[in-house]
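Have a look at the structure below, then the notes.
Just so it is clear, A, B, C and D label the chains in written order, and each chain counts residues from 1 on its own.
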Amino acid sequence: MRQMATVLSNRPVAKGAMEMKVSVGAGEIAPGTFFHVKTSQLLRRPLSVANVDGNVVTFLYKVIGAGTTDLAARKAGDKLDVLGPLGNGFPLDQTGKRVVLVGGGIGIPPLYYTRRMLAARGIETVAILGFDTKESIFYEDAFRELGETIVTTVDGSYGEQGFVTGPLERIQADVLFSCGPEPMLKAVAASHIPERYISIENRMGCGIGACFACVCQAPGGYVKVCSDGPVFQAEEVTL
Amino acid sequence: MRQMATVLSNRPVAKGAMEMKVSVGAGEIAPGTFFHVKTSQLLRRPLSVANVDGNVVTFLYKVIGAGTTDLAARKAGDKLDVLGPLGNGFPLDQTGKRVVLVGGGIGIPPLYYTRRMLAARGIETVAILGFDTKESIFYEDAFRELGETIVTTVDGSYGEQGFVTGPLERIQADVLFSCGPEPMLKAVAASHIPERYISIENRMGCGIGACFACVCQAPGGYVKVCSDGPVFQAEEVTL
Amino acid sequence: MRLHVDLPGLSLKNPIMPASGCFGFGEEFAKLYDLSVLGGIMIKASTGESRFGNNTPRVAETAQGMLNAIGLQNPGVEAIIDTKLPFLSAFDTEIIANVAGSTSEEYVHVARQLSADPTIKALELNISCPNVKCGGMQFGTDPVMAAELTRLVKAASSKPVYVKLSPNVTSITDMARAVEAAGADGITMINTLVGMRIDVTTGQPILANRIGGLSGPAIKPVAIRMVYEVAQAVNIPIIGMGGVRTVDDVLEFIYAGASAVAVGTANFENPYVCQEIIEALPGRLDELGIDHILDVRGRAYAQTVSRA
Amino acid sequence: MRLHVDLPGLSLKNPIMPASGCFGFGEEFAKLYDLSVLGGIMIKASTGESRFGNNTPRVAETAQGMLNAIGLQNPGVEAIIDTKLPFLSAFDTEIIANVAGSTSEEYVHVARQLSADPTIKALELNISCPNVKCGGMQFGTDPVMAAELTRLVKAASSKPVYVKLSPNVTSITDMARAVEAAGADGITMINTLVGMRIDVTTGQPILANRIGGLSGPAIKPVAIRMVYEVAQAVNIPIIGMGGVRTVDDVLEFIYAGASAVAVGTANFENPYVCQEIIEALPGRLDELGIDHILDVRGRAYAQTVSRA
């Protein structure tokens, strides 16, 4: 569960965004799960699995504060203390259905690996990726290789101007998988797509379900994002 | 005064002891002075100047706790935030006199540069270097190149068995320069050599004379090790 | 046997246990290692009824510390007895229940219920949680209220009662003496220091609860000082905590006068930390020439102290 | 002018000043940069007679903090006036003198002498130094004693008096209200938390004084919380301190309710830190869309607050 991964590469992919590949031990890694990563700081940092290739895991992360700044300084060959994979991911069992993937900013990473796994099962997908501006776009080509991909920017500097909710209105799909900032999740959770799954990002302590830091209110009481999620059906949580 | 030095090399020279060479900006550096070095820890770490060659400064340091462990991990090309040179060193103005240099463990580093500078002035020196055991010996050959050098080990695994005070008893010299653990300094300060200078290692805060962390009692009140010292005439301080 | 420590109600195979609130009810950590290696487990606080706790964010990071304002989320004493204790009873380790409440009646109710359960070996009376509106801190900062509550809980409990002290007081020794006089069997200390962090972009506190409890390595010097003072002021044993991450931190608490040590925040950094400390202890004792760990208890204030 | 702050007795060109005891009397730092860039300077504590202070070691490092037990070493009030203030008078910055003592008579004597010197613009009444046997902390942990001392010093001083609060109390607001009622013109906070470190090889406290004062980033969350509470409890201005290293730390204190900020321990890590913070402030205010720094004072508890 806890392991010393080895950094294979660590490079910028957009303004303020990095891609890190690490090699980890054997074991199944489901799309939508995350690793809890030790940095120079006291608490670990949750990072979604953006891709898996054999025993190589990719993280895509935005450099925000001390923890991700420390990560950005890691070099190939460095060791990285990671705990995971943790949590429960997106339900891949969507044969015959059409899935729309809606991601905003650093919520986009888990959707890439998810889309690859859906494609491997022959499931048709369409992706809507929302960024702030042209310079912050990453992985657009990688997404396009897997099917129809709509890019939006808030400032209109690339793709459709506005939020992901614009294009989402005209999409026909059976299932929605989404990850991104809370206002976006609120909007997509209320969208016309019949089945909606959202991945929630909350501040965490333990990452394994023991400390109650990451809870989210739910109709039945509460859920723990780290161990019950981070992926939930829209109806399961009260945003 | 504060500068980002560049690490040129950093290698083990004995069990638990490292030699780091850094390049610094221009400026005179006197033997017996020190740099206050920023590590991963909050407070800086005082390290004596063990040698100077052009703009390259050598530190010789024992790996003790978190600060020196962090230093030991630095690689060539890394930047090192150093403050210095600080303090007042050994008086080199000893023409016509014979100087005995007495060093214990990590008190030895400043004596190497001091001996080189004395040799450059044609001053005759003899060195007594005390180590715990054979594996902890460093810079023996470098010292021998500069004159008579007596090595002692506490466990007798190399050189003379015992403390530096053994050989010191039979030495004839006009002046003594010494650096090492407090019990050793106490002993050499009371030795038969007429003029005695000792370099004191105290826990420090600021390193520049402002915080009163490093004071040492003195017949006239007190002295600050960082700014009045670290080198004092034996009579100037009360150990 | 050089790690074995006997305390009121507790026969600890080693003096290391996870601190309350940092280990849930053990279920998650049981997937990582065998909980029977632990000296004991201090389980999450129980209240009379289930509580949701505070809004999120509930944690914020600080320099070598963290703030939390969980707000005593727990399923309530009955659900704990029915759904959590049976699982814990399977392990060969001593279970200490953390008792919380808003009123003395609630404390007494929870203490009576929990102490009656055979899985529970001792109670930890949490009079020091800074994250709940009523109860908690008030009891923990006034010696008279603390003593009165201790007396009531002692009367209701069939198991030894350890009182958990808050560091947010002018005189920690006054608090300790008050609960000792009221019948406490032991003291656990310290709970968190009250702190706050503000988001520089919004100017608003990061925690939804605004203030929270500071834990982790940052507070260790305060914890050590308080254990050192209390150990010299009372005759009941102390379980020390606050910033423990390594075997040397454990020894610092023992030197300061603690008889056992709890590990909180460090479980988040490294979920295997308690197991690793327990494994490292014998080797470190060898290096330092210590026979039994309690041979050095209180060495910081007295060179010779008898065991526990 | 967006950094200018007017406080009782002090016309600060910016709200940044080194904290008492971390900057000596300015002489050493004057070799590194022009002290006239500073808003003010809080000089080292003065007592009636010269003091040597405690034995060494006087400092010990902790996780993102340090313990000190200097013990108010200083040359005594007369020597300070004769040998230190003339040097400081040459700089265009506001000098605040830190007043200490063992008895109220000593405090009054020191306050009278220092306040009479034209170089001194305000006094900082140090009732909170944990490192001296008598005086200091006792005054700082009892509201009645603190108020009485404040009254005496106010009566003796011809300059405004800021009272420096100790964080080692159950209720920081009680202390603040007591000194406000006694006539304090302002509050400076926080002084150090009492802590201890023990050497694992000897089992003995590292500091010769055994206990010391904890400062540095580790204590910032406690300092922010206390400023936040006190700012809402009193109507006199606060100079905040405790763990400040960066321009964002300064803003955190302002959001919490401080009107100016002092920097202590960070001067040891980086002797240029005060100058660097002052240089960085205007750019950071631009980024955050803040016109005058005090426009956001107290934003953590109220969105709209008037200046100073």
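By definition in this document, contacts are C-beta pairs under 8 Å (C-beta built on N, C-alpha and C of every residue); 3 or more make two chains touch, one makes a residue touch a chain.
What you are looking at is a predicted structure, and each value in this text was computed from that prediction instead of being measured.
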{"item": "Chain D and chain B - chains in contact with each", "value": "none"}
{"item": "Euclidean distance of C-alpha centroids - chain A vs chain B, Å", "value": "54"}
{"item": "Where chain C and chain D are represented by their mean Cα positions, the distance between them in whole Å", "value": "34"}
{"item": "Centre-of-Cα separation between chain C and chain B, whole angstrom", "value": "46"}
{"item": "Sites on chain C at which at least two other chains make contact", "value": "64-65, 216-217"}
{"item": "Category of the chain touch graph - line, ring, star, complete, other", "value": "line"}
{"item": "Chain pairs in mutual contact under the definition given at the outset", "value": "A-C, B-D, C-D"}
{"item": "Residues on chain B engaged by chain D in the complex (per definition of touch)", "value": "1-2, 38, 41-44, 83, 202-217, 221-222, 227"}
{"item": "For the chain C and chain A complex, residues of the former touching the latter", "value": "21-24, 27-29, 31-32, 44, 50, 52-53, 56-61, 64-66, 68, 70, 73, 216-217, 265, 267-272"}
{"item": "Residue ranges of chain D touching chain C (in the complex, touch as defined)", "value": "62-65, 67, 141, 168-171, 193-198, 200-201, 203-205, 210-211, 214, 216-222, 224-225, 228, 243, 248, 251-252, 255-256, 288, 296, 299-300"}
